[in-house]
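I have a structure I would like to understand better, so I am pasting it below and will then ask my questions one at a time.
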Amino acid sequence: MLLMRGIEERAMTLYRQGKVPGSFYDGFGQEAVSAGAAFAMGPKDRLCVLHRDLAAHLVRGVTPARIFAQYMGRAGGVTGGRDGNVHFGDWQLGCVGMVSMLPDMMLVATGMAMAFKLRHEQRCALTWFGDGSTSRGDFHEAMNWAGVQKLPVIFVLENNQFAYSTPLEAQFAVDPVHRAESYGFPGWSVDGNDVEAVFEATREARERALAGEGPTLIACETMRMHGHAAHDDMKYVDKERLEEWRRKDPIERQERVLEGLGVDVAAVRAEVAAAIEAGVEEALAMPMPDGATATAGVFCEGEANVLGDGQAPWSGVS
Amino acid sequence: MLLMRGIEERAMTLYRQGKVPGSFYDGFGQEAVSAGAAFAMGPKDRLCVLHRDLAAHLVRGVTPARIFAQYMGRAGGVTGGRDGNVHFGDWQLGCVGMVSMLPDMMLVATGMAMAFKLRHEQRCALTWFGDGSTSRGDFHEAMNWAGVQKLPVIFVLENNQFAYSTPLEAQFAVDPVHRAESYGFPGWSVDGNDVEAVFEATREARERALAGEGPTLIACETMRMHGHAAHDDMKYVDKERLEEWRRKDPIERQERVLEGLGVDVAAVRAEVAAAIEAGVEEALAMPMPDGATATAGVFCEGEANVLGDGQAPWSGVS
Amino acid sequence: MPAMTYLQAISDGLREEMRDDERVFCMGEDIGVFGGAFKVTDGFIDEFGPDRVMDTPLAEAGIVGTAVGAAVVGLRPVCEMQFSDFISCGFDQLVNVAGKMHYRQGLAVPITVRLPTGGGFSGGPFHSQNPEAWFMHSPGIKIVAPATAEDAKGLLISAIRDPNPVLFCEHKHLYRRIKGDVEVGAYATPMRARVARDGEDLVVITYGAMVHTALEATEELEGVRVLDLRSLVPLDEEAILDSVRACAKVVVVDEANELCAAGAQVAALIAERGFEDLDGPVVRVATPNVPIPFSPPLEQAVLPSVDRIKEACVELLAY
Amino acid sequence: MPAMTYLQAISDGLREEMRDDERVFCMGEDIGVFGGAFKVTDGFIDEFGPDRVMDTPLAEAGIVGTAVGAAVVGLRPVCEMQFSDFISCGFDQLVNVAGKMHYRQGLAVPITVRLPTGGGFSGGPFHSQNPEAWFMHSPGIKIVAPATAEDAKGLLISAIRDPNPVLFCEHKHLYRRIKGDVEVGAYATPMRARVARDGEDLVVITYGAMVHTALEATEELEGVRVLDLRSLVPLDEEAILDSVRACAKVVVVDEANELCAAGAQVAALIAERGFEDLDGPVVRVATPNVPIPFSPPLEQAVLPSVDRIKEACVELLAY
């Protein structure tokens, strides 16, 4: 979480310095959602990671250097400069990079789960998605498909109160967590700023999935503390509300917990800061991609590759 | 209803005689759903009519001759041969003809209702759709949109137990009538073979709509007694089940009611039969469209037209 | 070699691949118990079971999107659109998720999407389309369109074995009308053009059902070559330019709507790289830009006919 | 006449129509309070209120589909796609519902869909596309693509007043880079091509942002005409053929992917009906068939550049 925040803060300054082309999105204040959920996954599980979920990439084993390089469009970035900012995923670590069209990845995750079920494998798929994207048809096709086929898939809804500038009231009349029942599986509301709660819920959902009990929707209540993207000043959100949420910051909160357990948080912070600086250095040293390669790789030439296994610090295999 | 059944039975023979090109779909056994719902509409209300809803066209005032001509692709058909079989609607009577992509018309109906609300008009829009089409994204986008904007629209779900050959179990885990709540409006289950029940529910939903209380989902339980289309022998449905439903035939049922009220049903039947034969004669006398006109009318040249008012035998205006 | 209809050849190719490779499975609406709207998978469920001949919900984005997910974890989905027209509902998943995946992140998406295309039997505006050009304009998607039973089987097998998303355009109007000898067992037909009839004076370049219309239209004409593209992506540019070099006169035929159709790309290619070999305008015969009407006299008036093609050839030969 | 940016001109035209015609209203994601991702409707909500500057749910099929419904009962919706790329999610409603309505049943669908298109600023594979060719291949949809501030305003007004579905392609890269004098008040620009610079030796045919790239590329060359199509449907075939007659040499430029692009149709048209006026191949400069990459060196390598266009012209002039 700390690493995610550190990287994103650092990347934001790089963006301001013009070292990050295009736009820049972060998940400031929502770190617990991606960190907590990704932590509960096993190496053979597969993830579709979204645009506020940097921690998930870190948990799976993507190094800070490759992430900075990704932001900067360097050859050494996860997509080698083909795609930008948050649109990436390391297939060798079992992650599929998101497409911009939200929430298309819900169907991809559903399809991965369908394959696991067809092959009778004890694995599950997980994808994150936002409150705004619940208005789109693909949300429904995925939820309904997963429900009717009882698939081992976990849908993690990141309810960060806004879709760009659009508040929840303009997006739906009833909290989407209640839709799950109408698709035939449970929907749980979780404090998205409590990393342990997110972890616990995801772990339980994973058990359900591996036990053949079908999908779970986990709705994480959190807040997008920054603008939608670097250019967005968030005028449309009142300050008190942000202040309130700032007090619930997931990282400070977890730090208090860790301190309670006697962890030397300052040391961890120092470690993380060092890792970040090292990553930035490494990334800045990487070359930009060669224009001559721009048209290569539209099609796969050899054998089709498949997603690989990711790191699972807490290997949630039960 | 009787007229609808008569026309479709007659059209089926015409189809067998090769006088109806392409394919042919009917609503045998479901007549009460379109008849009952259409009857509850006012002249200024607007309808998106689907492929098993012939009675709705009749209620709005489309003549049998123009319907037979439509089936036969004649110049005098509702679409003048541009579109086929059930893909029609008389815009002058306030109906929009369906597109094949199901259930796209739910969004069109939602948009009509949106316009009524924006203009503060006391009108509503209604559309029918099938159980199978509830799996598609457009179902969700329409239901959610109508719910969040509280629009005067009525969604009539024709649950005829099958989508082509696909049974309900392969389509959804939970009866879609329950989804309505999760969109913030009521969903009612109705006996789709009881024309008066369908009428009553629709009338009530219309009152809600005109009173600004928003959308209603009316789920009509019925059975598709014929194949999906003329070519489908329905092997996949067991005979007993059909027999059971045959006993609930909506027309015989309504006839008993009317006889109870002293209506001379035989006379009505004779009248209808005569109207149908006259319609067939008239249609058969109509020319086929002229190939030279095939490329005309892709674009509207003059002023844009708007949907007109339909007939409303029981003018449901409250 | 047994003679089979175009439809039987598709079923045969699909069956071969499902027997050879357990990763291959079919998914679509009404393909299981019912055997598919056109009966391509008739009886498959008995041999392969409901898991590998999957009846899906009525949801095209769902079909394409879940197929992508299944593919990236190692399966080989073969999706059926009940009619090619309905791919419009899965357009985004196909174009943005499947088509761009390998370029963006080096992850292969080996899916096949079967598209029953084309008109000619009063299918009307929603059951008669030829949507391939939309996807030629969408990077990362291969497209094949067989005209014969032999190619229907061989190109389907190539499509299934290809590590990329491949659209298989099977023309509905050929299903039962076209019959031909088909090799027993599995064979992969290369995604390249073939000369359907040789000739030196003029070449008609087309694909799918129009290959037969073109052959019929030019039967009595001297020296007319008919080039069957078979594959649109990749497009066999060399074969096209060779034919231009050999014939100098070109008629390009599309059943699809004229504007920006496959034939527009072929004509543009010739105008740029075959210009010096041309001895006359690159004539196009295509369906004008109208939805395909239902009524026979209207539909026949818009679809390229034997007469229209013949007339175009006669005129150009006299140029 | 005040000087305005391309972006301001779009806002100005939209505002004029909303003031003149109460049936006109805007709908889209984040267009109200936020004023739109590119601020085209900045401040509109204050003047016209939330009903006429409607923030919609995140649902493109919903935006297009409900707009059709509102249009057939008398309103004039102007939809904004946040980026043109997202029209892929409303593709079916646009192509099958809006596009075919009038032909099928004689019912007009007066909707305008604003599409912020194009690349050049590291938008990556999902924020840089030029999707217009998909819709040229879809009957019943008009498409305009202004290159100047003056045309941006005038063509938007024409689009809104047109009784048909019209796609308004506004190029993101021109928003703030292009400035020009714009008439005060409402005026409708005809959907026809215009000569951006005259010349007799060679014509570059293009539209949108590429008009400026073409002008820059040919600045120092003698006698090069630049034809700005402005409208793709209807396509101004006469203007194209006139230019071919006048110049005999043609370079067609697309920012879109090459295969089946608008330029393919233009080149095919010329190869068929302008053949005898040609004195050289119809040269195309376009983006190859790849998703638009994010990293500047990659993106610059695929998008048509001043140099590539200049080189093509110099070569052809020497032909």
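Order of writing sets the chain letters: A, B, C and D. Residues in each chain are counted from 1.
Everything that follows uses one rule, which is that a contact is a pair of C-beta atoms (placed from the backbone, for glycine too) under 8 Å apart; a residue touches a chain by one contact, two chains touch by 3 or more.
The model shown is predicted, which means the values in this text are computed figures rather than measured ones.
Peer 1: Show which chains lie in contact with chain A and also with chain D.
Peer 2: Correct list: B, C.
Peer 1: How many hops, at fewest, get you from chain B to chain D via touching chains?
Peer 2: Between chain B and chain D, the shortest chain-hopping route counts 1.
Peer 1: Using mean Cα positions as chain centres, tell me which chain lies farthest from chain C.
Peer 2: Greatest centre separation from chain C goes to chain A.
Peer 1: Just how far, in Å, is the C-alpha centre of chain C from the one of chain A?
Peer 2: 39
Peer 1: Averaging only over C-alpha atoms, locate the centres of chain B and chain C and give their separation in whole Å.
Peer 2: 35
Peer 1: Rounded to the nearest whole Å, what is the centre-to-centre distance of chain A and chain B, using the mean of the C-alpha atoms as each centre?
Peer 2: 45
Peer 1: Can you check how far apart chain C and chain D are, centre to centre, with Cα atoms defining each centre and the answer in Å?
Peer 2: Roughly 30 Å, centre to centre.
Peer 1: Residue numbers in chain A touching 2 or more other chains?
Peer 2: Within chain A, the residues that touch at least two other chains are 79, 82-83, 87, 99-101, 135-138, 141, 144-145, 148, 170-172, 298.
Peer 1: Where in chain C do residues touch two or more of the other chains?
Peer 2: Residues 56-57, 59, 61-62, 85, 88-89, 92, 96, 100, 103-104, 125-126, 139-140, 289-291, 293 of chain C each touch two or more of the other chains.
Peer 1: If you connect every pair of chains that touch, what shape comes out? Choose line, ring, star, complete or other.
Peer 2: If you draw each chain as a dot and join those that touch, every dot ends up joined to every other.
Peer 1: Can you check the complex and tell me which residues of chain C touch chain A?
Peer 2: 25, 51-52, 56-57, 59, 61-62, 64-75, 92-93, 96-97, 100-110, 139-140, 142, 163-164
Peer 1: Tell me, which parts of chain A touch chain C in their complex?
Peer 2: Residue positions touching the partner: 46, 78-79, 82-83, 87-89, 91, 96-97, 99-101, 104-116, 118-119, 125, 137-138, 141-142, 144-145, 148, 297-307.
Peer 1: Okay, in this complex, where on chain B does chain A touch?
Peer 2: Per the stated touch rule, the residues are 134-141, 144-145, 147-148, 150, 169-174, 176, 178-179, 181-185.
Peer 1: Enumerate the contact residues on chain A facing chain D in the complex.
Peer 2: Contact set of chain A toward chain D: 21-22, 73-74, 79-85, 87, 99-102, 132-133, 135-138, 163-166, 170-172, 236, 288-295, 298.
Peer 1: Would you pull the chain D residues touching chain A in the complex into a rising list?
Peer 2: These residues of chain D touch chain A: 29-30, 33-34, 37, 55-62, 83, 85-86, 88-89, 121-127, 288-291, 293-302.
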